[in-house]
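What follows is a pair of complexes built around chain A, which joins chain B in one and chain C in the other.
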Partner chain A sequence: MVSLILILITSLFFMGVVVKTKSLCSGRKGPGLFQPMWDIFRLWKKSSVFSKETSFIFRISPIIYISSVLTAILMIPHGGIPGVISFDGDFVMFAYLLACGRFMAIISALDTGSSFEGMGASREALFSLFAEPAFFVLMGSLALFTGHTSFHDLFSTLHYEDNISYMLGALATFVFVMIAMIENSRMPVDDPKTHLELTMIHEVMILDNSGFNLGTILYTTNLKFAMYGAIISNFFIGALPLSVSIPLFFAVQFCFAVSAGIIESFMARFRMSHNPQFILILTSVSMLIFFGVLMVKGVFI
Partner chain B sequence: MEKFFAEIVNLLAITAVWVFPFLRTKGRGITTLLVVTLQVILSAFVAFSVFSHGPIEFSYPGSWISGEISVKIDYLSAWFMLIMSFTFLTGTWYGFQYMKGYRDRSREIAFHAVALIFTYTSLIDICIVQNGFLLLVIWEIMALSSLVVVIFEHEKKETIKAGINYLIQSHICILLLTIGFMWVKIKTGSFDFAAITEYTASQPPSFGLGLFLIFFSGFAIKAGFVPFHTWLPLAHPAAPAHISGIMSGVIIKIGIYGIVRMLLLVKTDMITVGYFILAVSVITGIYGVMLAIVQHNLKKLLAYHSIENIGIIGIGLGIGALGSGYGNSVMMVCGYGGALLHTLNHSLFKSLLFFATGNIYQAIHSMNIEQMGGLIKKMPQSAFLFLIASLAICGLPPFNGFVSEFLIYSGLIKGVMATHYLSSLTILLALIGLVLIGGLALLCFTKAFGVVFLGHSRNKEQECHPDENAGRVVPMYAIAFFIILIGILPMLFMPVIMKQVSMFGFIADQSDVINRITGIITTTGWCSAGFAVLAIIIYYVSQKRISGKYSVTAPTWGCGYTGDASGMQYTASSYVRSYRKIAGSILKVNKHKSEATGLYPEKVVHITHPEDRIESGLIDKPLFLLRWLLNRFAFLQNGNIQAYILYGLIFIGFVLLIPFIAEQISDFFKLLIRI
Partner chain C sequence: MDYISLYNNEKVCRKDIPTLDYLNFLELNTGLLSGQPQRHCVNFFGFEEGEKVILICCIADDLTHKILVSSTVVVKKTEYPSLTAVNHNFENFEREIHESLTIEYSDHPWLKPYRKIEDYPFLKPGSEELHEVGVGPIHAGIIEPGHFRFICNGEQIMHLEISLGYQHRGVEDLMRHKDGILEKATLAEGIAGDTVVGHTSAFSNLWESLCGFERKPYLDFTRTLAMELERVAVHTGDLSALCGDIGYQLGSAVYGRLRTPIVNFMQEWCGNRLSKGLIRPAKVNYPFTDKLAERLREALNAYEADFNEMSSKLASLPSALSRFEKTGVVTLDVMSEIGAVGMAARASGLKRDIRESHPFNLYGKTINHEPLLKRHGDVYSRVQIRREEIRQTLAYIREMLDNIPDFEKPSDIQVCPEADSFVISLTEGWRGEISHCALTDKDGKLVKYKIKDPSLHNWMALAQAVRNNEISDFPVCNKSFNLSYCGHDL
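== the complex of A and B ==
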């Protein structure tokens, strides 16, 4: 329950921190921390325009998208306190819930019959397909490392014993940051700022959404960012008391947001055809973690 | 009552054949419905009584060839009987409506109906019989009758071609099974299944492994494991929709039944068997879905997807076998349990997909995805049902596919946590395989659903006559109901699954493990339900904001272009283009492309033909070489009857000379040895 509340709070200002960082990097003052959230509130109050081509799929998909992310968030623990839902193998359900939301997002893009949105849908399906093995290999390695298979047991028994395990923690954090960037369609895989439909992924998929639904989709992106930030923070919290862990949680989220902002300020987007290669590298990094775990366990010389 | 089950079911089928000649076409259809429904009720009754009171065993005297025929309905038989019965029930009811379009072809329909009843009856018989000889006989009846149902539209060339292919491959399957049963018969003198266990337990494990491999190859042809899958993508598009659904849903599952039965009977080194099945299944799964994505024919796409799902079932079986080999009860329960549940799940969503495809085919008379689009507005019910089945086949919550895949995932993750690093690594690779299968399936079904039902039609001249009458969609809703039921209340099905898993021998902490896993599965069910409820609540909250005065309609955003942009929408080929480029090294896609050149360009075309590399390498090429070789001897076939009589005489003379020649050769060798 703690993590749910914390994630909901973080989702209010996360994007603000990213935008602020980007503004400061480019020498501007930038909007306030809560400006992106106000924009979403404004969208929620607006009326919508629906394409004539669309069917009920287009109307329900943002709702299923946000519900899938909200249900997935329920599984995230906060240090020693389990999430609302916790069972062995819950990370499989976590991944498949997100996939369900993605399925709906993709078909809602195809629902418009647009010449661009299919392109984004195609790329989203392909890139997320390549990101998935990295997540599972990473979680499998952590399961082997700790001997547990639920998010809560996994993170609460994660001990850093020697140098290798610190390295594993660092690599795992890197993989999660990159997975978060891919899942949220940010740099270096996708450029949310671009103004050309041909070069977008996520943005082009939601071209025809407006009003309430657009607000929902944008808020879901914030939630997803905060959710991945919460997973990353779990690598650092361990079994600390709440008085220490909550400030630490926000500090990690803040660092995550700032680093996302910095990546976006100083990197260019990869060429579309190079993206799959980049994403597959994540799987090899996860394999590296797996071998590291085997070394720590002493079963692999 | 249970004692006479086999007699009653078989007699019902035979009676139907005798009644048929005295009826009109409609009467025949109703009789088929009646007979199949009665048989289904009977099988379901017996299966439920097995699950509540334990296995039923009885025996018939048999003949001097077969020996005593023992019949045993255990949990496994009962489970497969239930799976088959449900799909046949919905399939026959759907088929009754589907065949109305062919009402004037009375004789063919009669033949088709008889064959359908025979297929169902023989499948039920295969599940219960415990005698190798009888199994082979029934298997032959099943192979032939299913051939007849497949080639209903026999006037089409490709249907007959697919039928012959199916006939030959079914008989290779029977050949392998015959070798297996004869081996045991020669060694032990009995065709009974119990003899297989006795024989393999008394021999070193390598004998058991050899026997298992023979049976596995035989059943794998039926199930469609790579590289024995080549008949599947041909036969499914050729058959009528309800037959495709039944075939993909249950006929290929009889292969899975055979493999599970052999896993139970053959005593050998389960670790080797486990790794073997795991490797074959991962390849099957990935290869199946990779080819499915690039197909343009909707039914062919679904057929390749069946291969993928057989791979998933196989991964479960492999993990289960490894679990029993290593003595790991979690792996065993999750692996076997997941595989058996996925067998049911696949039969549900795949038959639903094929029935929905049948509706599309009868509305637009085409199976080419590139010609479709926007069908959701013309056939909303088929679209909705197709969507549910697509989500379920991708293994997404809150539908049934998730539950079985979750079980298999749990088994795999438990396997990764094993003690030895080599087994960890191998199972990790299998885990990556399953994850990739899941991701590729998502790509495949977003393509299938998106291109077929969404957007607008890609063929403007196409006429669409949708027919969604109640008789057609009610069986489909029944399937959809079970898809959601298993997704949300999987615990209802867990005791039944666990009873079957307990047949695979008992490991110390098994009941404990079973309770824990049932608990986890129950939680996933509630979680899925929670997800669905949350979505519904948010929908009702948002409904106020997105309807009524708050919404207007306008054309799709065309980037400033205001003309008719319908020709510009994404097609199936363009949707998978980036995938095709990446997978190009493994797949073989023949491309024919013409560029627009000059001031007045000609019509531009771009045609792609996905090819099955394994099929061309393993079947087409050797057959081509064989035909080349045999063509060298074509001069012998000169149509001259005198010459043929001469060949016969030469042959007889040669046969008579064989003992003489053999004696000469042996004498020659004896001479050599003496020297």
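== the complex of A and C ==
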């Protein structure tokens, strides 16, 4: 329950921190921290316009999308406190709940019959397909490392004993940051600021959405960011008391948002054909973690 | 002689232009271009005179600094062999002649409507594996209307067909019908909003030649300085937009900020950031004072330091180079086949620069221009050309600021065009060669005013550039050319 509340709070300002960082990096003052959230509230007050070409799939998909992410968030623990749902192997369900939401987003993009949205959908499907092995190899390695298979047990028993396990923590953080950037279609894989449909991935899929539905999709992106930030913070929290762990949680989220803003400010987006290559690198980093775990466990050497 | 050779802005009597019969005309003009990379067609147009249609073709020769003009007489609704079948330089011109004067061509490869928006079939993919993507005419950004039809194999572009004409305002006809000189100058400013100085200078140079007015040094100075400042401003803006298209926020923000002091200086000088109102035939309403020169020096010094820092950062950023390099390549052969001009042609190694080949205003006098060339013809070459042209231009501007001529008080001199004359005026705007042609009748009234923006040739270069590239790289290719829609549609 603690983590659900913390994630909901974070989702209110996460994007604001990213936007503020980008603004400051380019020498502008930038909007306030809650501006992105006000924009979403504004959209929520509006009604949606639906194209005549679309079917009920297009109308229900934003709600399924946000509910899949919210359900996935229920599984995330906060240090020693388990999430609302917790069982052995819950991270598999977590991954496929997100995949389910993405599936709805993809078919609703195809439902509009626009040639752009078809392209965006195909890119989104391809890139998340490549990101999946990285997540599972990483979680599998952590399960092997701790001997548990649920998020809560896994994180609460995660201890850093020697140099190698510190390295594992650092690498796992890197992999999760990058997965979060891919899942949320941010730089360097996708450019959320571009104005041209031909270069977009996620943005082009939601071109036909408007009003309440668009607000819901945008808020889901904030939630997903906060959710990944919460997973990352779990690498550092361990069994610390709440009075320490909550500030630590926000500190991690803040650093995550700032680093996302910095990545987006100081580099160009990858060429689309280089993206799969880049995403597969994450899998090899996860493999590195896997071998690291084998070494710690003494299976090697 | 089958043709008459003139210098840029030289007035000739209409009867001095030799009239050939059509087949000789075809042979002459295609012959002039064959195997002569230094020559290209700068203007080819027709106009009605009674029942007949007169075609005039102007070929520029870069080495002799001359323009070779010849003419022929044809009859409407009659079929002729086309020049395009021999040389693709004439492709756009003949499409326009076909559309506006109903001249039929028997062997023109592609008589697609030039400006009319009608149901002309697009090339069909002809395969189940390929898909079509249509973009425009209404775009997501703030750009002008134009329709792009891609045939793609997955993410790869196989073919791009561009349909323009949505911006047709009839500028050429308005030029003829509006009698006031101010009206004409204002029209010239509106030909392409991003090349105000280029087009207005071409018009003013032409008009002064047509009237036999002797150009004062301060007129040349104003036009040259404004043209170079426009080049700096637009090139910087383009660099910003190119960075924006690859998602590089720092470059986009810094170059975007650097453009502002330059356009603001224009505001300070003539009251308009896009230099509207500055250039008028035979007078300058806004003298360039020493105080302005001092302000410009300060602005340029501040500009140059930041510009150099940003440019070296961009040139060493791997993620940006990976997007720019080997994207949107147009080879030298393709560029010369389609008769491409300006900065885009120079990025592929084709030396086309009116400032050197057909000097006008201060070029060839105070400024001895040496065109910059790049060899690869990719997006990065076009980025580099912009960067280096800005540096070159800054040096030219400093040179000009050391020799400011005396300005005269503007007066309304009534200058009238002379009868039965022909003038062709070329200028090198930031995008490339701009060509204006005018013919007068026996009363000194305009019979035909013909405008050619560099975009006319270069749209085809863009269509060639994107082939075999990823469709997601189209925006950056498009921006690297930054062509004008309204300059094409007129």
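As a working rule, the second predicted complex is superposed on the first by the 301 of 301 C-alpha atoms of A that agree within 3 Å, B and C clash if a C-alpha of one lies under 4 Å from a C-alpha of the other, contacts with A are read in each partner's own complex, and residues count from 1 in each chain.
Rule of thumb we're sticking to: a contact is a pair of C-beta atoms (placed from the backbone, for glycine too) under 8 Å apart; a residue touches a chain by one contact, two chains touch by 3 or more.
Just so we're clear, the structure is a prediction, and the values are computed from it rather than from any experiment.
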{"item": "Touching partner for A:257 - first (chain B), second (chain C), both, neither", "value": "neither"}
{"item": "Which superposed partner A:110 touches (first chain B, second chain C, both, neither)", "value": "first"}
{"item": "Touching partner for A:267 - first (chain B), second (chain C), both, neither", "value": "second"}
{"item": "Which superposed partner A:119 touches (first chain B, second chain C, both, neither)", "value": "both"}
{"item": "Which of chain B and chain C A:214 touches, first, second, both or neither", "value": "neither"}
{"item": "Chain A residues touched by each partner, larger count belonging to chain B or chain C", "value": "B"}
{"item": "Touching partner for A:25 - first (chain B), second (chain C), both, neither", "value": "second"}
{"item": "First, second, both or neither for A:205, with chain B first and chain C second", "value": "neither"}
{"item": "Touched partner set for A:187, first chain B, second chain C, both or neither", "value": "second"}
{"item": "Contacts of A:63 with chain B and chain C, given as first, second, both or neither", "value": "first"}
{"item": "Common interface positions of chain A, toward chain B and toward chain C", "value": "115-116, 118-119, 197, 272-273"}
{"item": "Contacting residues of chain A [partner chain B, same complex]", "value": "44, 47-55, 57, 59-60, 63-64, 66-68, 70-71, 74, 85, 87-89, 92-93, 96-97, 99-100, 102-103, 106-107, 110-119, 121-123, 125-126, 128-130, 132-133, 136-137, 139-140, 143-144, 147, 149, 197, 207-208, 211-213, 216, 272-273, 276, 283, 290, 294, 299-300"}
{"item": "Sites on chain A touched by chain C in the complex", "value": "22, 25-28, 115-116, 118-119, 187-188, 191, 193-199, 264-274"}
{"item": "Chain A-touching residues of chain C, taken from the complex the two chains share", "value": "131-135, 140-141, 155, 243-250, 252-254, 257, 317, 319-320, 322-323, 327, 470-475"}
{"item": "Chain A-touching residues of chain B, taken from the complex the two chains share", "value": "373-374, 376-377, 380, 383, 387, 391, 394-397, 402, 405-406, 409-410, 413-414, 416-417, 419-421, 424-425, 428, 431-432, 435-436, 438-440, 442-443, 445-446, 449-451, 454-456, 516, 519-520, 523-524, 527, 530-531, 534-535, 538-539, 542, 545-546, 549-559, 565-566, 568-570, 574-579, 581-582"}
